[in-house]
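Dropping the structures in below, format is structure tokens.
In the two complexes below, chain A is the common chain; its partner is chain B in one and chain C in the other.
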Partner chain A sequence: MNKKGDKLISVYWFAVLFIVAAAIVYMVHAFYGKPYDVRPIEADILISKIARCLSETGHIKEGVFEENFKENFRGICKLNFRVEDVYGWREQEQYYVEIEILKFDSTESVLFLEDGNKQLRDFCGRDEKNFPRCLERSLYSLDKDGNSYKINLVSIVRKTEKNVY
Partner chain B sequence: MFIKKFKNKRGQTGETLTWIIATLIIIVILLIAISIANFMGNNKKFDYVKKTDTLASKSLFAYLLTEDTEGQTVYEQLKEAGNFTKFNGELAVDIFKKFYGGEFQQVWFGISNYNKGLMGGTWNGESNNYFGNKPKSTAVGQGGVVAEKNSLSIMIHKEENSIIELLFVWGLKS
Partner chain C sequence: MKTLIKKKNGEILTENIIFIILNLVFLSILVVFLFSRTSTAAVFEEKYAKQIALALDSAEPGMTIYLEMKDAIKIAKKNSINLENVISIRDNLVTVRLRDGEGYSYSFFNNAQVTARFDTESEEKYFFVIDKK
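Our next item is the complex of A and B:
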């Protein structure tokens, strides 16, 4: 091949090298640039924390049925719903929790408590990527007199911007 | 001279065509790889194995402390009878199957006995009328909470070499 052809091949090789390198950079960005959706874990941690606040060694903690518990729920359970000041998160709360304590045999409700952004409750049961993550779980517990209760817990985490996009 | 020049040009055309096809193949391979990376990036999940379950542990404690009409706790009943009675069996189904059956592929609750073997010991579950046979290849270790991949076991000491076990299995077939 003549010298002109050799030069052309060299340019071609550089072009191919550049294309491959650019594609690798794009692929790495496409994979690692997307966030992991950790909201199901966050919702699970939140529910576990509430369960620990309500029940201890099989018994519902003292004070749970008192009016003060409803009023100071976050303080008593040491919950903090504060979030970063991004995407307007401070304007609408990113969490919602719900506690319902029912008598085990009659399903009569003895305590209902909800806290956080109530609008998020509508998203439960709709398992779509862009929607807030909702977790509903139950536990069994006793009071100090040995009566049985079913405790239904709901925790919802929004934070869509940082976990999906 | 003319024939030599003509042959040379034909050679160059063939070589150029080879490079063009090679470039196209490289681009196609890269596009496929980019599509795969995009798809995987959009569908990646944070995979984690649960090593404990707070709610199930608390339910288990409360269940074992539940008293029957004679004031005997379920734990005492299980120790005494060695297996479920109608009262504690039905209660166990109402709690563990109804509360956690939808979350896990299998829920098993019952008595397990320690069997020493050549390759270490295993906890063999006793079959019962309420939860059936213990799911296979999941029981390893002794004492406390033991977790394996895709299974979670909460164990309560009953007597020497015998435990009360609550087992959740997901992603495994029995």
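Our next item is the complex of A and C:
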């Protein structure tokens, strides 16, 4: 009787081991089978880079309000939105950037600039796995005359196919 | 009577040893599976391509970034890949290749001139020199 009981326990034990193994295999596959989603970090770095391009030590950089800045934004901020030629990414830009500079006291818009794939803007505020990653930040800055401004920044990174399974 | 007890004790010991060995075999297979899944060339290619792209995104001209890639280098050596060709940067695209094939590519948005080199002194690092374009 005792021997039978032992055998029964070992059968259950192997059943438990099998369940544990299946769970581990599933978890490993679920974790390592998916690509690393680096888009939130990418959007964060992009927004920081733009902020540094616009403002330094709390002061708006010279030339930001000039017309040339809008026209040559990528060159001035040293950005290159060219991506790898896969999944039709070259036909549809994978980045979007929006800059709005408002006078702090009157909220009058002084500068509005958008660059990249404008269609991505619609995905902001919709936090779903397969949607582009959107990040919004604000900062305050002064011009050389001491006038204060609020700078609203938006950066969006798509690259869904390489970051979400 | 004495022989009977001895025989029973012997049986219990053998059964337990077999049981323990089977458990160990089972767990070893599980551990081998875990390691094989987590340290494949494909996983490392993606991990390092993205890591390098992010590091380059936040880099400024004049910087030199060192990246330790011991584990990836080990895999590249195993797959007979020339260590000078593991990382290639063309325009703003990083490609990491640790096995035969195209490797894994990821783009970075920093418009800088980047050169990737293998650190021949330590033989476990790569370094990236960032210059103005």
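FYI, the second predicted complex is superposed on the first by the 135 of 165 C-alpha atoms of A that agree within 3 Å, B and C clash if a C-alpha of one lies under 4 Å from a C-alpha of the other, contacts with A are read in each partner's own complex, and residues count from 1 in each chain.
We take it that a contact is a pair of C-beta atoms (placed from the backbone, for glycine too) under 8 Å apart; a residue touches a chain by one contact, two chains touch by 3 or more.
All of these numbers come straight from a predicted model, not from anything done at the bench.
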Which superposed partner A:Y87 touches (first chain B, second chain C, both, neither)
neither
Name the contact category of A:L79: first (chain B only), second (chain C only), both, or neither.
second
First, second, both or neither for A:I19, with chain B first and chain C second
first
So in the superposed three-chain picture, is A:L139 touching just chain B, just chain C, both, or none of them (first/second/both/neither)?
first
Give one of first, second, both or neither to describe whether A:S48 is in contact with chain B, with chain C, with both, or with none.
both
Partner touching more residues of chain A, whether chain B or chain C
B
Which partner does A:H59 contact after superposing on A: first (chain B), second (chain C), both, neither?
first
Once chain A of both complexes is superposed, is A:F131 in touch with chain B (first), chain C (second), both, or neither?
neither
Based on the superposed arrangement, let me know which partner A:Y36 touches: chain B (first), chain C (second), both, or neither?
both
Which superposed partner A:S148 touches (first chain B, second chain C, both, neither):
first
Output the chain A positions appearing in both contact lists, the one against chain B and the one against chain C.
28, 32, 36, 38, 41, 48
Would you pull the chain B residues touching chain A in the complex into a rising list?
12, 15, 19, 23, 26-27, 30, 33-34, 37-38, 40-42, 44-46, 48, 54-56, 58-59, 61-67, 94-95, 99, 103
Quick one: which bits of chain A touch chain C in the complex? Just the residue numbers, please.
6, 10, 13-14, 17, 21, 24-25, 28-29, 32, 35-36, 38, 41-42, 45-46, 48-49, 74-75, 78-84, 86, 95, 162
Okay, in this complex, where on chain C does chain A touch?
15, 19, 22-23, 26, 30, 33-34, 37-38, 43, 46-47, 50, 53-54, 57-58, 91-93, 105-107, 109-112, 133
The chain A residues in contact with chain B across the complex are 1, 5, 9, 12, 16, 19-20, 23, 26-28, 30-34, 36-38, 40-41, 47-48, 51-52, 55, 57-59, 104, 137-142, 146, 148, 150, 153
